[in-house]
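So, here's a batch of structures to check.
Same chain, two partners: chain A is paired with chain B first, then with chain C.
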Partner chain A sequence: MNESQHVSSQFDEDMARLRVRVSRMGGLVETQISAAMNAYSSGEVAVVKGIVETDHEINELEKAIDDDCAHVIARRQPTASDLRLVLGISKIVTDLERMGDEAKKIAKGVRRIHENGQDLAQFGAGVRHMAEAVLGMARRSLDAFARLDTGQAAGVIDADHEVDVEFKSIIRQLITHMMEDPRTITTAIDIITIARAIERIGDHAKNVSEQVVYVVEGRDIRHTKEKTA
Partner chain B sequence: MPAQIVRAALLALLTACVAAPLGVFVAPWAGWLLFCGGLILQMAFHFRNLARLDRWSRAPDVDASLEGKGAWDGIFGRLYRHEKDLRRQIADRDAEIARIIAAIQALNDGVILLDPDNRIVFCNTMVEEQLGLSLRTDEGLPIVNLIRRPEFVDYLGGGDFTRPLTLRFEHGEERALFIVVIPYAGNRRLMHVKDVTQTDRLDRMRRDFVANVSHELRTPLTVLSGFLETLGEIEVDARTRGRYLTLMAEQARRMENIVQDLLTLSSIESAPPPGDEVVDMARLVDKLRRDAEALSGGRHTVSVESDGLADLRGVEPELASAFGNLVSNAVRYTPAGGTIRIAWKTSPDGAEFAVEDTGIGIDAKHIPRLTERFYRVDRGRSREAGGTGLGLAIVKHALNRHQARLEIRSDPGKGSRFTAKFPPGRLARP
Partner chain C sequence: MNESQHVSSQFDEDMARLRVRVSRMGGLVETQISAAMNAYSSGEVAVVKGIVETDHEINELEKAIDDDCAHVIARRQPTASDLRLVLGISKIVTDLERMGDEAKKIAKGVRRIHENGQDLAQFGAGVRHMAEAVLGMARRSLDAFARLDTGQAAGVIDADHEVDVEFKSIIRQLITHMMEDPRTITTAIDIITIARAIERIGDHAKNVSEQVVYVVEGRDIRHTKEKTA
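The block that comes next holds the complex of A and B.
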């Protein structure tokens, strides 16, 4: 009795540490996204270097957390909800790492536009609005993970649909611009890359939320229609 | 205790006294039987009370059923009083704790209590609002799982709390939070969170203001001194000289405009509250239209819409300067061929003066800062158009003094609408 209690509290400590590390990684990713957005709205390319550097740290954290997950499974042999939590974390960090990559893509896109000496003010508002929404989704999905709150997770999954709609409308708008004035094509393509990256961040935030639902309820709601049921 | 022993002994003796004659006169076995019967009765009585005490001790409750008989009466009574006292003390203490919590809730600043592992023990409603926490769901969670900003995590993990941390949130609603961590009771921590958005903004505005004034005045001054130097050192022909002088006069005028606007601004700021002399709006609007047409030089269509139902009460020069700035901005930032609409209308909740144009518009992110002194959306364009960077600051101050609000709506590329909304108290109905 005493022995098993000791082991289980050790396990709880391991899990708590693991979750703190995931949150740290999440915090870095959120900062990356917001720095990339700032670069986009201000045209300030100096931050791009910082974003690339932080991305290394995120990659290291992903590897370390994955390693920890493997260790916990091997040493503690968790079952049921504990096992789901470990599996969920190992999937969540993959999504977080990809979100960081997309943020890097945004920053690089901004730098490219800036180097070509083009102005993106014209398309600013739409993309910025979508980015704000996506940043909110990323934040809420990580909050949902910290609280293991499926309600909040469901909210993020719903919001992804709106982001998709917004993305499509931005693309439509850009196509119109390109048809009207072919000189805008270079910039437009760069902006499409950026918008695409933002939209992908939204998808990854949705994936994180789906993992939260899986961890809590044991239901796999990926690739299903009735997600908030 | 001795009293109970004496009592039990007396009862036993009484039983013996009754049983002894029976044993002597009838039969010994009958005497013993009676004696044993008596003792058993006495024991049954004790067991009943013991059972009652046993029942009560499993679920201690303050109620009248806790009442003993005979020797048990005193014991039950004391237990009853003890339990009652205990409950009153707990209730008092609960009330005390509730009052302390209410005091923390009443604070205007955010407070979070953390345990040695940085898990949330308590947070007040203010901080729930500031940081999006909720005590109901977040109690016991490590705070770094919810507030994930790397600078905060490093600050909390670093353990050096001699310096406060300022967290700035740029997305969504712009905010600045000032965080101080105070260790208490060993290694527990109290986090004090103060919203410094306002002071942060004021600080930035003041810094920007000094830098901007210097910059705005230095630019024309550089041009002036450059020409002066040239004219002093080399001989130039009369034509070039004339051109230089024109340019110098232009720069001097620009400096004059800036100083004039600064003076206007400071006189508006330091003037006593505006009185309520009646300002003839029909005349003012007409004058604004003529000014707009003169400034436009026929490049724009200027239309006026006025219901003429009310006049304003206030200081005419201030209002004229505020409205004039709005109109001249509209003319300056609207390409040739555009339309400028000036409107003066009353409504049940006051009146509004609006200037609408079909100009270049303003990106939404600039709008909150537009009335800051020298804030410019596009430096080059603004100076080219002859602005000092102080126009909207004057408008805002003049309107504030008349309890009016300035509302700005704009669609980049399509046009803007600046509306000054006056409360009913500022109206004079003829």
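The block that comes next holds the complex of A and C.
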């Protein structure tokens, strides 16, 4: 084995370990989003405490992965696509951590609504539909990263627009509802907070997918109109 | 000049250029926040178009700086504090770009309120106070980065809690107001969006400051309770 092969195999080992950690973090985030949304649908708030606790674990993984990224760069001095993979991971973990934060916000919003003794049923369908779409985006973005699949990443990026439209429609419905029955205002504000958190998770899934394209193709497609052109 | 000095001076040149670009991006973001808040205070919506246009420039700077970071790592293979500076910049530009997005949200919210012919005066004082605090945090975080001043960074991190408290108080006031006079609901929802954007800018200023501590001291203080301990 020559020097270059030696370095390369150490790099591969480091990267395999890093990717396992990112997968673990992604899996946790996905579970958190799913648990928060189940709490919303069922009104079961017992899970909220667990969601808040697991968020700490996600935060620690973010720091551990960023630390790993810095060490891999310093020790292995990767270039080209190897470097893009490390830098992409460093961006992706920021988005994953924020997705976790948004899941926590959803859970806390559900608990507030429950504590106020309010009923969610009347706003259930719209928010649940958006939540399912966004959970699917989160899953597909993580899968796109795990398999470095730019086709799947493109699908996630395309899906984000629809979520934004749904979010705006939910806000309009809630405003109409509040005006008709001002007693619902407090709950409606909590539901807006929850809907916004769901919408933000979609944004972060899009960001993760954009990083997949960067890692694989070296193209930075952030802030472009024709993402998948 | 030996090989190591030669590499070091090229690195210093690259980094000086990078830091100038970050300063330029930071200056633009600061101007955007300030302009959006002036629009809120004055009700002058003519500036909103300019704010939306300048946001594109900020987005392009984010991509250019990230590209520079990747090139500096690949070419100069920095380690230790040099590497932390590059990785810190790569995190900071993400926060700066999002601060720009929030400024754009504020500006668009002001325009919506104006188009609906509503008056902002009654909610002015609380939001303006929070806005001034957050603009100060944004400025000090950029200054802390420019001078790699961890003391100033710690001050920004400490200030964030107070902004969160102010934000919650504004939301409570708005809910009371909406219940008393449901005709104000549409405007109140826009003001909540604006207040939330201001609060988020504070979060990003805190994130920038945490990166300053990482760059200077190598300590990752994200997600810790005692940030400045």
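To be clear about the criterion, the second predicted complex is superposed on the first by the 228 of 229 C-alpha atoms of A that agree within 3 Å, B and C clash if a C-alpha of one lies under 4 Å from a C-alpha of the other, contacts with A are read in each partner's own complex, and residues count from 1 in each chain.
In this section, a contact is a pair of C-beta atoms (placed from the backbone, for glycine too) under 8 Å apart; a residue touches a chain by one contact, two chains touch by 3 or more.
Note that the structure is predicted; figures quoted are calculated from it, not measured.
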With everything superposed onto chain A, say whether chain B and chain C fit together or clash.
-> fit
Quick one: classify A:31 as touching chain B (first), chain C (second), both or neither.
-> first
Vertex chain A angle, Cα centres of chain C and chain B, expressed to the nearest 10 degrees = 170
A:192 contacts which: chain B (first), chain C (second), both, neither?
-> second
Touching A:135 in the superposition: chain B (first), chain C (second), both, neither?
-> first
Kindly classify A:125 by the partners it touches after superposition: chain B alone (first), chain C alone (second), both, or neither?
-> first
Identify the partner contact of A:41: answer first if only chain B is touched, second if only chain C is, both if each is, neither if none is.
-> first
Quick one: classify A:147 as touching chain B (first), chain C (second), both or neither.
-> first
For A:23, select first, second, both or neither according to whether it touches chain B, chain C, the two together, or no partner.
-> first
Look across chain B and chain C in the superposition and give the shortest C-alpha distance you find, in Å.
-> 22
Complex interface listing, chain A residues touching chain B | 16, 19-20, 23-24, 26-28, 30-31, 34, 37-38, 41, 121-122, 124-125, 128, 132, 135-136, 142-143, 146-147, 149
Complex contacts: residues of chain B adjacent to chain A = 132, 137-138, 141-142, 144-146, 148-150, 153, 170-172, 363-365, 412-413
In the complex, the residues of chain C that touch chain A are 56, 59-60, 62-63, 66-67, 69-70, 73-74, 77, 79-80, 83-84, 87, 90-91, 94, 171, 175, 178-179, 182, 185-186, 189, 192, 196, 220, 222-223
